[in-house]
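Dumping the structure here so I can ask a few things about it.
We just call them A, B, C, D, E and F in the order they show up, numbering each chain from 1.
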């Protein structure tokens, strides 16, 4: 294929949009924790931009998108060898690599929601970096890199299995390995800034247009279809969720609204370019139910998946992946029909993709966590957890007031440069 | 016309940008209310994304954009029947529908600024949903759907009448029907987070490029013109507003600056693709005056249009719509000249469009509010208003600290699933 | 060249993205100051959108981009005379003007970081407006407007010298002329909202894709290259910075992470379209070191460059500009090689461009500050500084709670309009 | 000298301040607090977590007054802070041994007498 | 009448409240404060600025009680707020001269007796 | 035992803390409050709404001390918190009947004697 400037334009934008989703996720998550853990939670997402970003260029991309074998790519494109400005599809190959990088980044960041308010930051960095290479990259290869699920015809438009189910399974295991927060179930742990959570949800929705419609890899009608579904499905989820809230408690929670948006977005992700808009609307509406009740149920258990990655992403992604196998319509996607349109086999393939992703992700996440935990403590010490991870892990407060803060005078500036410049600076001190 | 990938790329982006404006508006508004009403105010915008979004797909789009009659479209495109990936202009029809959906959503959300801090959330949801269908859709039809104002040659590039005047008129009526907040005029009601308001204004400006330049429906020179005016007009408004603040009180308020940006954006909206850039600059500068003084005047009345939707959007939109009739220039837009360029009739048409929109919007909004008020109370009870709508309507606090919050232990997990999973979870609790 | 719709689409988006960077900068900076100076700091950025935006249309653009002389353009395009919808390159000329406007705006806003918490707002407005005309526009002309540095072959893809080094030099001088804050070095001055700073950094990164990849002026492979470098370089900086934090104190600061992102973005700016992706990664990693230590060193001096514009932008830009002269690769950019690829002369040209920009910017900034200071006091009075500039300069609080706020009753509404409307309003007061 | 400590509703604060200023009480200090009394508790829900909020927002006033000023001060508060529904708050009168004005190091009586407008900075 | 003022750890507040309610203490007022005692100080770094944080978050309770209620109140706090590590806080018992209930203008003893559920709004 | 309650300017807090630590005062509790005294009021404007702000930010210190410590404590505050312009604040000395250290249930004198570094957690 030849390069298309229009497709390039759209993919430049899409990549930027998906990149924005990671700080947005930081705010979505950051608003849900207590003030004393705000920065730690936000930095869990932001750090992925650095560590997973670099790991992707170094090796992840090659493992995911080099043809390699059915189970994994090869190292032949490590350090972006041979990834240049030549066309990959209709866009520069490097741009395709960058677009995929943003997916690897946010998937790793998603997992953090299960382990907030208690994990040490160093081990966390090691975990997500390794995870993006040994868990994310292979699953991405299976579905999008020409791997075995692609050969079977599994449909995953923008990452229901690769991103959301994968992150949900990893979150479940990570939360179990780490154990619950010490206050969990004993004390009320409330979101310290719901506006940040809503801000995050708003920016996530915005970015998700790049995520889903960008997955068409061009400014095509298929992108438009994915886009419209990304508008309608979460709208429907939000409506249904709101009505369920009204019915159950008479009160429509904002945290619920923000959650509903994310659940709707997650659910439509695998289906976005494969189903018609009315199917998208229905899919969004249906996706509200399992996640709504899963959230309620989870809070009564000892499973401290703190920010409900399993209920929102794991379950939402599963519902979306399966409904893709039901509602897909060749008339819209030119590729495959779902069960409702005469092709029940598709649903079976979808189910297989779901199960395979869960098993692989859960197993390797368990191994990784245990491996890192064998080297160093995964959890912050109990008093550090009590004090809050912002102070204990980052040496900062999110909202410092400076009262009672006593400046530690640094040693006077040493060396000839300091000596030379200090008088100048002091001379400048006078009022103008 | 044939499909254009470049136009599709730009319209995908524009639609995403306009969608972002609605949460942005939530923050613009949310910062201006008291902390105890933050979530309610933000959710008034966010809910529109769900309810109006779904209503638009179900029926609103059909009423607005089906050819139908001069006063309204028909139901023939209800449930998006026949709205597919075929070209509408140079972009997929579905994408056009989605772009228009984001306009319907934000227009409904705009109205909420007049009724914050006192309206019950259930009736509010009913109101905006119905309003988007019976008020917004017909007016959109008049101007953009081939209705009677379009036939008369009324110029409204991106929604001066359809969006802003319409929202302003509805806001005025809604505020009058609902009555003022109980503290209004008695106690100082101050914005609890001006940074949120400025954040909202910044994101609104960003999104407004999609709103105005996207209204060219393609990546054309006309889009570029609209874009440039959307940059210059609010810049000029901001400068004039700042200087007026400096002259009047010696202090340049941030709330004023954020307001000025919005006023400039509103005023240039109908003119964006019709006037030259220097006219845009002048239009923005002129638009500052009426809104500036209207804000001052309004606060002394008993009209509790709480966040000044009338002064900012109603008046700003009117000024913009009329000045479009003055400053439009065929040399720039290829369509029509304004009064200043030898075509005074255009000004008359513009005035007619303004009046018609106001009358229709005001009348139907009044009817809708009264109808809903006949079924259920529109206002929160006085103690609920005192407590704040976040707690009373949403059962949440925006900034909870958790002190004195006592966990209500949920009944132990019932049923076989709970029983089976609980031991597993407890086993996982140990430190790694 | 002929107009390209695809390039137009990308440049519309890029311009919007760069515009968003200015409010984003307001939040990045605003989070770093004390609560009592939040609005002042944010408004220092926001005001640039108005004042510099208008100045650019009036005269700045003409001085920068009219061919004119080697040192400056001419006034022939003042008030955008002759700037229309004709193609400039492959996009409408007006759009090119708008894109460049957003650069002028943010560069002026960048300087404010050095003078926060103490400068009076009126003189500040005068300063940035004049500065954008007499400092920014000429330097932009040198490099991008066909001026003498362009003739020498200096490479500056998106503004390492024009934007960052320029802003850094001006910041240094402005901070010296103004003198340190009265509490500086005596009391701990802590960031009041680190989440705002991280939010700003996230939005800056997002917008920076427009800044760097937009500087290709089209949706070309060159844009893709610039984009990818804008992803990889800050990722590498973030990783290195994090590891340095871990090594030095064992704690990874969020303020540091946000700073690292900005430093990486600054450093890659001049190089973005000139170096290969692995060079970009290395450049980002290297850029961490000088800025990291400069920040530590600066805080021990009496130089109150409050938000470290010099260390982040001045130094980061210098490192980037010089490394562009080392790492540029004709194989990637089709233009010029750097020292590492056999062209050491490029490094010398780069160094000259750096020095020239610093000297010119520093000298004229000094002159401007002194000139304004001769007319009116630059600094807020000491008690006003103590009270906070939000209240003293803007008459507002960022986070007002309304306790103890006593409404000043405005004079009753005067004139016939007021008299006529008041009864109506009072009638509407009853509950529905 | 006495210290009058009052806990009142936040939305009554303006009225209380006005009443106090009317009684020539010129110095006082307030703080935001949360109170528990007979008020109905609120229930809030955050995803699956349901909590009972036992505390309501209140404002605490602290007013140092000379002995003969105690009665007017207390009465002003009683009159202006009352709504008649549960949760109006309490007043405590505490004995004080000594009062100092930091600016002048004046003691007791003098320390709480308002300053002349003339000497203000 | 006495005023019991206690400074406790924020994460012990729930336990303290529960213990107090158990002792039939029905009225109290709390505020967020910061304390300095024997706690280890924290070091924080913001770019080049390093600071020592000498104050830790605490909660201050203020409980007006009749004389015979002092002992149970103090004991309830002592028992529920203790962790045994430095920083647990202090209790001060202050004399009170007069107490008023704002809602009814009742004084002293009556002013701190809990209201009947029936009269609530 | 006495309770010294001082209201000071926020920007003097560091100086006050330093002065107190210098006097070997090792335990104290502070809170953010707002005060009204002779300070000039501020006017703020939010769109059409103009308000007068009657309250200024202050910090309230609460220091439980043995009787012989009262004078040094008060003097330290007087010396370190003074600027000489209106608004410097007040000090109140209140009688205390009983003090407890929660960690050990020690009473009175013992309760306010600083702990040995050795026993700290």
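Convention: a residue touches a chain if its C-beta (ideal position, glycine included) is under 8 Å from a C-beta of that chain, and two chains touch if they have at least 3 such contacts.
Because the structure is predicted, anything quoted here is derived from the model rather than measured.
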| item | value |
| --- | --- |
| Neighbouring chains common to chain B and chain D, by label | A, C, E, F |
| Centroid distance [mean C-alpha coordinates] between chain F and chain C, Å | 43 |
| Whole-Å separation of chain centres (CA-atom averages), chain A against chain B | 30 |
| Chain centre separation (chain E, chain F; CA means) in Å | 17 |
| Chain D residues counted as touching two or more neighbouring chains | 14, 17, 30-32, 34, 36, 44-46, 48-49, 51, 54-55, 94-95, 121 |
| Touching two or more other chains - residue numbers and ranges from chain A | 4-6, 9-10, 13, 187-191, 193, 249, 251, 253, 255, 297, 299-300, 395-397, 400-401, 403-407, 410 |
| Chain-level touch network, classified as line, ring, star, complete or other | complete |
| Chain C contact footprint on chain A (complex, rising order) | 3-6, 8-10, 12-13, 15-16, 19-20, 22-24, 26-27, 30, 38-39, 42-43, 46-47, 49-51, 53-54, 57, 79-80, 83, 85, 91-92, 94-95, 97-98, 101-102, 121-122, 125, 193, 196, 390, 393-402, 405-407, 410-413, 418, 421-422, 424-426, 428-432 |
| Sites on chain D touched by chain E in the complex | 2, 5-8, 31-38, 40, 54-55, 58, 60, 74, 77-78, 81-95 |
| Residue ranges of chain C in contact with chain F within the complex | 183, 187-188, 386-387, 391, 395-397, 400, 403-408, 410 |
| For the chain C and chain D complex, residues of the former touching the latter | 383, 401, 403-406 |
| Complex contact set, residues of chain D against chain C | 10, 13-14, 17-18, 30, 32, 59, 121 |
